[in-house]
Structure formats: structure tokens, C-alpha cells
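Data first, discussion second: the structure below is written as C-alpha cells.
Read from first to last, the chains carry the letters A, B, C and D; within each, the first residue is number 1.
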Amino acid sequence: MILEHYLAFWLHPFGMYIRLDALSTIFLSLTVILGACVLIYSIRYVKEDRIRYYPLLILFLLSLSVTFTSADLLSFYIFFEISSFIAYLLIIHSRTRAAFRAGSKYIIMTFLGAASIFLAIILIHRQLGSYKFSALGELEVSGRSGLIRLIYVLFIAGCFIKAGIMPLHTWLPDAHPAAPSPISALLSGVTIKIGLYGIMRFLFSTGSLSRLAVSYSLIGFAAISMLAGAVLALLQDDAKRLLAYSSISQMGYVLLGIGVGTNLSLAGALYHSINHGLFKGLLFLCAGAVIRSTRMRNLSDLGGLRKRMPITGIVCLIGCLAISGVPIFSGFISKTLLSRSVEKFFCLKIVFLLTASGTFASYLKFYLFTFSGALPQGLTRVKEVSWSMLLPMLFLAGFSIFLGLFPDLILSKVILPAIAEISIFSSAVKFDQVNPLSALYPLILGGLIYYLGIRTKLFFIEESPLWQRTGSQFRKVSVDRFYTEVVAMIEKACLLFKNIERFSFNTHLLFILVFLTGLVMLLYFTPQGILFP
Amino acid sequence: MRRQETKIVRNVARKLFPVLVLFAFYLIIYGHISPGGGFQGGVVLGSSLILLYLSEGPERVEKKFKNSQLAILEAIGVLTFVGIGFLGIILGKHFLGNFLPIGRVGMVPSAGLVLLLNLFIGTKVGAGISLIFYALMKFDRRAQGE
Amino acid sequence: MSDKIALTLFLIGLYGLIAKKNLIKKVMGLNILTSGIVLFFISLGYEKGLTAPIMEKGITDVVDPLPQALMLTTIVIGVCITALALSLIVRIYRRYSSLDVKILTGEGDE
Amino acid sequence: MSNFPILIVALPLCFAFFISLLSLTKLNRFCGHLALLSVGVSFVLTLCLGPRILAGEKIAYSLGNWPAPLGINLLVDGLSYLLSLIFGLLVLLSVIYSLEDHKGKYFSLVLILYAGMNGVVFTRDLFNLYVFWEILSISAYILVVSPQPASLRASLLYLFLGSLATALFLLGVGIIYALAGTFDMDALAREIPVIWRTQPLAILLVGALFLVSLGIKSGLFPMYVWVPEAHSLAPTPISVLLSGAVLKIGIYIFIRLFLTLFRTEVSLEGLILYWGLISMVFGGCLALVQEDLKRMLAYSSINQVGLILIGIGLGTKLGMEGSLYHLFNHALIKGSLFFSAGMIIESTGKRRIRELKGNGIVPFFPRFSFLMGALAIIGVPPLNGFISKWLICRAAVERGNLIVAALILIFGIVAAVYYLKVVQNLFSVAKMCQTEKRQSSSIPWIKYTCLGTLLGGSLVFGLLPSQGLYLIREAVALIFP
């Protein structure tokens, strides 16, 4: 059933459409579930500036919900931008220097993405005369192919920024650690899915899922994000930063599913978005609980918390196992669906294997360094967090297990209706004939990587001089650094420009005279006026 | 302090002053039937005062023609001008609409409102010019006093 | 002829405004520029052989009175601007002890 | 009702001189209230004209009942009504804001400024336009002077450039009179096509002169010098008026002259478009590196005026709609930004962006309204800046000018960078000593009403753009019938 409603009063005379179909429902429910957990969790977590925090959080959830249910591009864009900005305010909630830096980077990149989407939307409106998603079907045939391609690139690039896909990801690993943990959970669990939702919605509406150019480029970016995200996650010391990089890698999975575009892969992508929303939310909440009670966030400073925080430890373990794709947990289902859909491509299978093992290794690191081993001196008085924080975590963990135990239920009741709406193919997807042993290879390989990493001290680059040197070489090619340098260059150019202020008044007057003369000459030589190029 | 000018200058200026004022009012009153008018007459009025100021020195002139008085005169000039304009509206005509009888062409009380308006404009401009001059001279005196 | 003189005056004024470093000379330049424009307007209305625009019997060919009347306004405005500029300059001089144009764009502050 | 146009102009003028009389007496402290009264009455009269204007009527008025070529004629149509409404609102709020801080002659100057602004937009006669323009400029020059000594040089700078601008304008008017023999805009609209056939170069010269003079007055790229100086050093309410109203007058005359008089003959659209682009880029880039809060806002004004010009230069109905809407919105937004900047500077005594760090010094409401104003001007959706930016971008895209649209959006992000820098400093936590906290002076509630009105306005016109667009359609219908 599809519900659609036209809100005439809002933005009159333009109006906006709200529509609820199966695809929206998936993301809407994810928002609501995670939002409820975060709201409960925040009661004890956020102590300062609650008067600002709660209204913003509720507005954030509302705008996210409307983004997922909007039926036209314009309201999608509007709520996309509103939610981005509210997320900015939430990211800078702690109002420290680091938070501001991360927030700036986040907001600039998100606005860039939004601007690119906006431009695409205006172009679409020019081609079709309508903002509705349902009208997008005629986009392909509406004009020159160059222009259409430009629209695709602009829209998808905007969504990439929001989703943190690899070359456009740099805001993500800064913003997630800077935000309060419940907000990181929402950011990673829901907000970055807006980008993927946008891509899905756009491609489904234009009917270009099966276009080879689109799917190849999507698969390419997805593969880069998966691999690079997993590798970078391995190298992190900051717990939340590790989770953030892992989010990039997981978004790669979903994008891969969209890019392949068969029913199986789409089911995998949707399943994985739900899963990722739940267990990444859970993991961020765990990290938040650890940070809250220890006031430390670097893995190298933590350890042995299993005794002190038993429930958090168990819950965190469930999250780690789920994200690593261990059977009976939810990640296993979606990863299997996805890997079955790429069985034909050998390269992708390799990428899959490597990413999955990298993920497993990084979560081994995350869990073991936090909860096992010896308890450091400073942490002997750590206590378990309060129940209002544990309950949401327990709920999410339970949900993750539930999703892993009853894949067919979820597939038939939730995911297949959505796929039936959007897909051009009509073949059913069933979760059967799966060999749980297939999950073993990445786990073994991941364990191996972890062992090697510990032995070579790769995991804590700062501690070993050998890795430090290679690391500094490596940082030179960093994308983040590239962006920063571009921004610095622009600022330098502007500063150079600022010298114009120091010119004497006479010089300025001379400018005016020159301008006048130039204008007269210009008009003299082109008396018909300067026409459009 | 600024010294006074020589006796000759002072005498001539003092004698010239009433003539200038008369000339100013001539210009103002005959403004609508011959070259002249409120602005011109006002400027002559103002310059007559300036002449006096330059020859007699600031103290004596400013005692006779006080700054505040001139300011009031200026404001009253404009206010009456606009007031006459509003009177036109009240009397059922347009803003600045003529409600006086139009006399014979060539006589002084002809052209209805224009004579009145010229008079007030003249006062305003005369007072205004003198005020500007006062203000600038005040700078000068303060600079010398320092 | 008169419009050529007007143009010359205008250009002299413009030169003074742009090139002179002394603020008072700049004001002078502005004044000369305005008078060039005033002369230009007057020359628009004027034609050789016509009489003053006073409507009496027997007078038929009069010059266009409109530019003259309007230029009065312009002159008055010019006076206002000059007065304002000069009084500002006096106060500026008192603060910065200089009439150099560099003051205008912020040199000398702090 | 038929007398309203002249009353709107003459009442403030009358009260201005009455106030200057009053300021000499002991009732000195009531000057502000009297000014408030007269501006209020004038504004209400403007509002009363609203229904007739919205019905597509034009209200003509001739002073002293003299017909067009002889007397002074006023005409209120959609375009001038829109501008007059903006002016009324901003002047009213500025007077309210300055009730506590200023007295006497200041108010009479503000009233003269108001009368001049309304005169400029209502008059149908080029020379009267010049006169009213000078009246408002002279009062603006004086009003720029604030207790800060540096404001003297800002005022002189403004005076030099402004007088040069009006002189060039007057020269252009003279040439037009030499060619057409009339100052009346309606008559000129008929004459100019005829003259164009015989003497196109003279018309082009006039066009160039007008362009430069309007460029100076609305602070476009090579002649912007006075904008940052005057805006940053003037008292807060005057900065609001300068940015919200006085800059807009240049644009108004621009629209009036070039799109109603010269339109059929000279296609200046491309020139205007590029000029606007350059101004926008320049203003944005320089705003990025400013250290002074109000200077930054001033450069942002140059940026926004460039954006308005781009919309005009696109030469389509949609672009014009966007431009006029942005003109309106920018007045509201910049008003609230300057007011809140003024309050921030007032309560902290600091004007450098870097020094604004610290939470407790600045009261919450100015900080909040600065944030909202910044959001609106960046073009974040539910606020009004988004609507106008959207319209202009759409116009650009429909005209096939993708790069222009992209540049507008990119400079929206640049604006985000420089505004959020301030917002971050305002909201950041800093350790400060107790003495500093105590020093912050409290702000009277009446000043908050100004901010509240403008903020409410930008929210309403963002959520319900139709309300603003009704008004603007009347104005656009004049230019694109």
C-alpha cells in the first residue's frame, strides 16, 4: 500500500508531496527505532545543554523522517539540507575546538553535496517541468545525453558526499568522533543512509538501474570504499574513528548492492542497510558507554573492561560479531546475499573476501583492546553504565540477533515489497542453500590479519618507528590532505586579494574612471549590447 | 581670537548690510515675475550676514543673530512651507495646491501661493547658509583658540 | 562653445578629484566638476538672441527656463555637500593632523 | 486616499524639521518618539496603499495639480511600492532600535533619509529623482558619523564617491535632456526609441554614465570602497539602513531606468550578468578573509547585491522575480544580521571575529538571531533566502547558464564558511573571568522587538513565499508585461 499526501500550505505556491511506500518504510522504521533508542540513551549520556540538545535531536529525527518519505525532489532536498544543518549543530554540541573543526569540514562538504543535488534538481525540473519522483521516468528521453549524464553525475556525487563514499568521505571520520556518541550512532546509522536512499530512489525512478555505465561506476566506487574503509579502520586508535571508517566500508557494501542491480543484490543492499543501522548504532552506543565511564577513547589506553562493564561487553561482542558476518548474526545474512549476487565477478569476490576479513580484524581489535586483557591502572574504579543506557543497547543487540535468525521473514515481509516496487525484474529472493561455512574464510583470514597486525605493531602506528615512517609517506597521498590544501590555497588567494583594500583612494577612483572608459568603449564597439554567450 | 577688520571695511560692511537685506527681499518678493526667487534671495540674505560676520568679528554678530535663533528660523521656514502644502490638501485641493486668488499677471501679489512659498524658502535658505557658515567658523575659532 | 567649456571644467574637476592628494583640493575638484555640469545644463537652455523667460507683453522668444531653475537646486546641493565635506575635513584634520588622501582608506588608524 | 503618496513623502520631512526645532527645547528626549510616530504613520499609509497596488492599480499624484511636464509627479506602482515597503519597515525598526541611544538631530536626519528614499522611488521625473537621491545621500553621509573617530573618514569617503556618482548621474540626465527635451520618464520612454535611431552613441554614453553612478551607489565591484568602511563604522541602525535600503536604491534606479527606458534598444543584460557575477565573487572572497564582524557583513552585502544583479541580468521573468524577492529578503536578513552584530558588539565591546569567543558574554538572543540570519543568507531551506536563491538559480538554468547557477550555489557555500566562522566563535565555550561577565551590559527589550520582527519576517516569507511573491509579481508585471 502506498500512502501519498499533498501538503499545499507548505511552501505555497510550490507545495510538497509526502509519500510512504515500502522503500520509505524501511528507512523510516530504521530512523524511528534507532531514534527511540538514542533518545532513551541520551537521558543519562548528555548532561550539558539539554535545553538545546533535545529539541535539536527531535527536529533532527523529524527532518530525517520527512526526507525518507518525501515524494518529490524538492522536499527531499529541503529536508536533506535541514537535517544536514541540524546534524551540524548536534556535531558541535560539545563546542570544543575539535568539534568545531570537524563540524566545519562536515558542513562545507555536506553543503557542497547539497548544492550539487540542488543543481541536478533544478536541471531535472527544467527538463521535465516537475519535481516529482514519479515523473523521473522520462528523464532519459528528455534531452541531450550530455546533459542527462551531467544530471546523473551531480545527483550521485551529492549523495556520495552524504553517504561518505570513498573519495568524498573525509568529513565522516572527523565528524563521528567529534559528535556525542548517541549522535554518532544516528549519523552512522541513519544519516549517511540518506545518500544511499537518494541514489536508490533516483536510479529506481529513472529506471536506469540496469544501465551499465551507472552500475560499473557505482561498483567501482563501492569497491574502493569497501577496501580503503576496512584498511583505514584497521589502523585507527580512536575507537569512534575506527567505527567511522568501518562505516565507510559498510556503505561500500550497500552501494555495491545497488550498483549490481539484481533483485538479489538489492535485497542484500536493503538488508545490509537495516543491519548496519542497527549494529553500527549499537557499537557507537557501546563506544559511548565506554567513553562515558572511562573518559578515554583511545584503544591503546583501554583494556580489561569485561569484568567492570559485563553487560556492555556482551552487547558489544554481539555487535562486533554481527558486523563481521558471523553466522546466526544479522551481518551474515546480508553479506551472504551480497556475495552471492557478485559470484560471477572474480575481482569483486576478492574485494569481498578482503573487506570482510579486514572488518573482522578491526573489530577483533576493537573488542579485544577494550574489553579483554589487563585492566590499566587508571580504570580500576570504572563502573557499569546505568540501565537507561543499557536498555537501548540490549534492545538493539536483540534486534540484531532477531534479524539474523529469521532472514526469510524479514525478506518476505519487509524487503521484497520494496523491491517489487522498484525493480524491473520480478524474481523472488529466498535465503536458502547457504553454507554457513562460507563465512569461515574471511573469519580465518581476518584472524590472521589481526595476529600479524599485533605482531608487527601495525595497529598503533605511532608506537613503532618503522610504521611511523611509512605512515607519514602514506599520509602524503591522503585525500583529506588534498582537500585541506585546496581550501588553504583558496584562502591564501583571498588573502592576496585582500591587499586591494590597502590601495589608496585615488587608485580606487582611477579604477572607476577606467571602468567608465572601458564601459563607454565596450558599448561603442558593441552597440547592440553584450548578448548572451 | 580673531581680530576685527579695519575701520573702513567695517563701516562699508555695516552700511552695505541693510542694502543687501533689502536686495535679498526684493529678489524673494519679485521672484515669480522677474529673475530671482527664494533660493537666490535667501543666498543673498545669508551672504549679507556673512559679510557682517567677517567684518565685525564673531562675538558681536553671534550675539545679535544667535545660532539657535537661526536654527529655529530655518525650521520654521520649512515647516511653514510644508504646512502650506498640507493646507492645500485640507482645503480640498492637492498638496501645494493653490487656494489663494490669482492676481493680475505682473503684479506682486499674483500667482497665488508662490509668493508665500518664496518668502519661506528665502528665510530658510538665508538661515541655512548662515548656519553653515557659523558651523565652519566655529571650527576655525576653536582651532585658533587651541 | 559653452558646452566645450563645460566639458573642460568637468574634466578638470575629475582630474582634481582623482589625482590630487590633498583632501581640500579634492573638494575643490568636486566643486569644479559640479560647476561644469551646471554650465552644461545652462548651455542647454541658452540660445543666442533669445530673451529672459519673463512673460510680459511682446516677449515671444524666450530661452528654456527649466535648466536654469533646476541648476539652482544643484548649486544649493553643491553648497551643502561642500559644507559637509569641509566640516568633515576639519574634524579629520584635528584627529589625524594630516590632509593626505591616505587617511581615507584607513592608514593612520591604530 | 488619493493624497497618500505625497503624505508618505512629506510627513517625515515635515516632522524632521519639527524635531530639529524640538531638539532645541527642553522636550529634547521626545524627539525619538515623535520620529517613531511619523515613520509609523507614513508606514501605515504605505500599507494602506497595499490592496490597491495588489489589485494592479497605479496611483498617480501631481503636486499642486500641475500636469506632467510642468509639475512634480509621483507614481506608486508595484516596483516602487515594494521598495517603499522595505524602506518603511527598516526605517521604523531602526528608529525603534535607536530610541535609547540617540537623540535630537539624528532622528530628523533619519526622517529626511526616509523622505528621500520614498521620493526616489515615487517620482516620475529624472531630475527630481536626482534631487531626492542627493537628499537621502547627504543625510546618509552625515548619519555614518558615529562616536568612533574613524567613522569621519568613512563618511568623507562615502561623500566623495557618492557625490561623484550623483554628478555622473546628473551629467547623464543633462545629456538626456539635451536629446529629448524632457525629464519625464513616461515621455522619455516614448522619445528614446526615436532618438536611438539618430544618435545611438549619445544614448550609450548616457547608459555608461548611469551604470557607473549606480554601480558606485550600490557598491558593485570596482567602486565598492565606501561600502565596507561606511557599513562597518556607522552606528548599527544606520548600517542596517545602508545595507538594507540605500544599496537597494541603486538597484531600483537601475531596474527603473534600464529595464523600462532603455530596454527595447540596448541589451545590457549580458553586461549586467557578468558584472553581478564579478561582484558576487569579489564580495564573497573578501568576506572570507575579513577580521572585523561588521566589515564582513558589508562584504557579504556586496556579494548579495551581485546576486541580485545576476538575477536581473538573466533577463527573464523568473530571474527578475528571484532578484526582487532577494532584494526584499536581503533587506530583512541583513537587517537582522546587522542588528544582532550591533548588539553583540554593544554587549561585548569587541568587534573582531576572533575575539568574539566566549559563551557568557553575548546574550542568547542576538547569538540565536545571528545564526538564523546566517542560515537565511546562506540559503538553508525553511528560510526566505533559500526561495530567492532557488528562483534565481532556476532562472539561470532555464536560460542555459549552468555555470552561473553553479557559481551562485558555490558562493552560497562560501557564505556558509564565513558566517559559520562567526557562529562558531559566538557559540564556543571559553574560559573567561567573572569581571568580564559582569561587564556585559544588558540590552533593552525594545531592541529585541526589532530583531524578532525581522526574524519572524524571514521565517514567514520562507515558509509562505506566495505572500511575498504576490507583491513581486506586480512589480515584475511592469517590466515583463
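Rule of thumb we're sticking to: contacts are C-beta pairs under 8 Å (C-beta built on N, C-alpha and C of every residue); 3 or more make two chains touch, one makes a residue touch a chain.
Note that the structure is predicted; figures quoted are calculated from it, not measured.
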What's the chain with its C-alpha centre farthest out from chain C? A
Averaging only over C-alpha atoms, locate the centres of chain B and chain C and give their separation in whole Å. 22
For chain A and chain C, what's the span in angstrom between their mean Cα positions? 66
Nearest whole angstrom, what separates the Cα centre of chain A from the Cα centre of chain D? 42
Need the CA-centroid distance for the pair chain B / chain D, whole Å please. 36
Going through chain C residue by residue, note those that touch at least 2 other chains and give them in order. 17, 73, 80, 91, 104-106
Touching at least two other chains at once: which residues of chain A meet that condition? 501, 505, 508-509
Junction residues of chain D, two or more chains touched: 157, 160, 164, 225
When you draw the chains as points and link the ones that touch, which shape shows up: line, ring, star, complete, or other? other
If you go through all the chains, which pairs of them touch? A-C, A-D, B-C, B-D, C-D
Chain D residues touching chain C in their complex are 127, 131, 134, 138, 141-142, 145, 149-150, 152-153, 155-157, 159-160, 163-164, 167, 170-171, 174, 177-178, 225, 229
Chain A contacts chain C in the complex at 501-506, 508-510, 513
So in the complex, which bits of chain C are touching chain A? 14, 17-19, 21, 101-102, 104-107
In the complex of these two chains, what residues of chain D are touching chain A? 157, 160-161, 164, 168, 200-201, 204-205, 207-209, 211-212, 215-216, 222-223, 225, 228, 266-271, 273-274, 282, 285-286, 288-289, 359, 375, 378, 380-382, 386, 390, 393-394, 397-399, 401-402, 405-406, 409-410, 412-413, 416-417, 420-421, 424, 427-429, 463-466, 469
Contacts from chain B onto chain D in the complex sit at residues 68, 71-72, 74-76, 78-79, 82-83, 85-86, 88-89, 93-98, 113
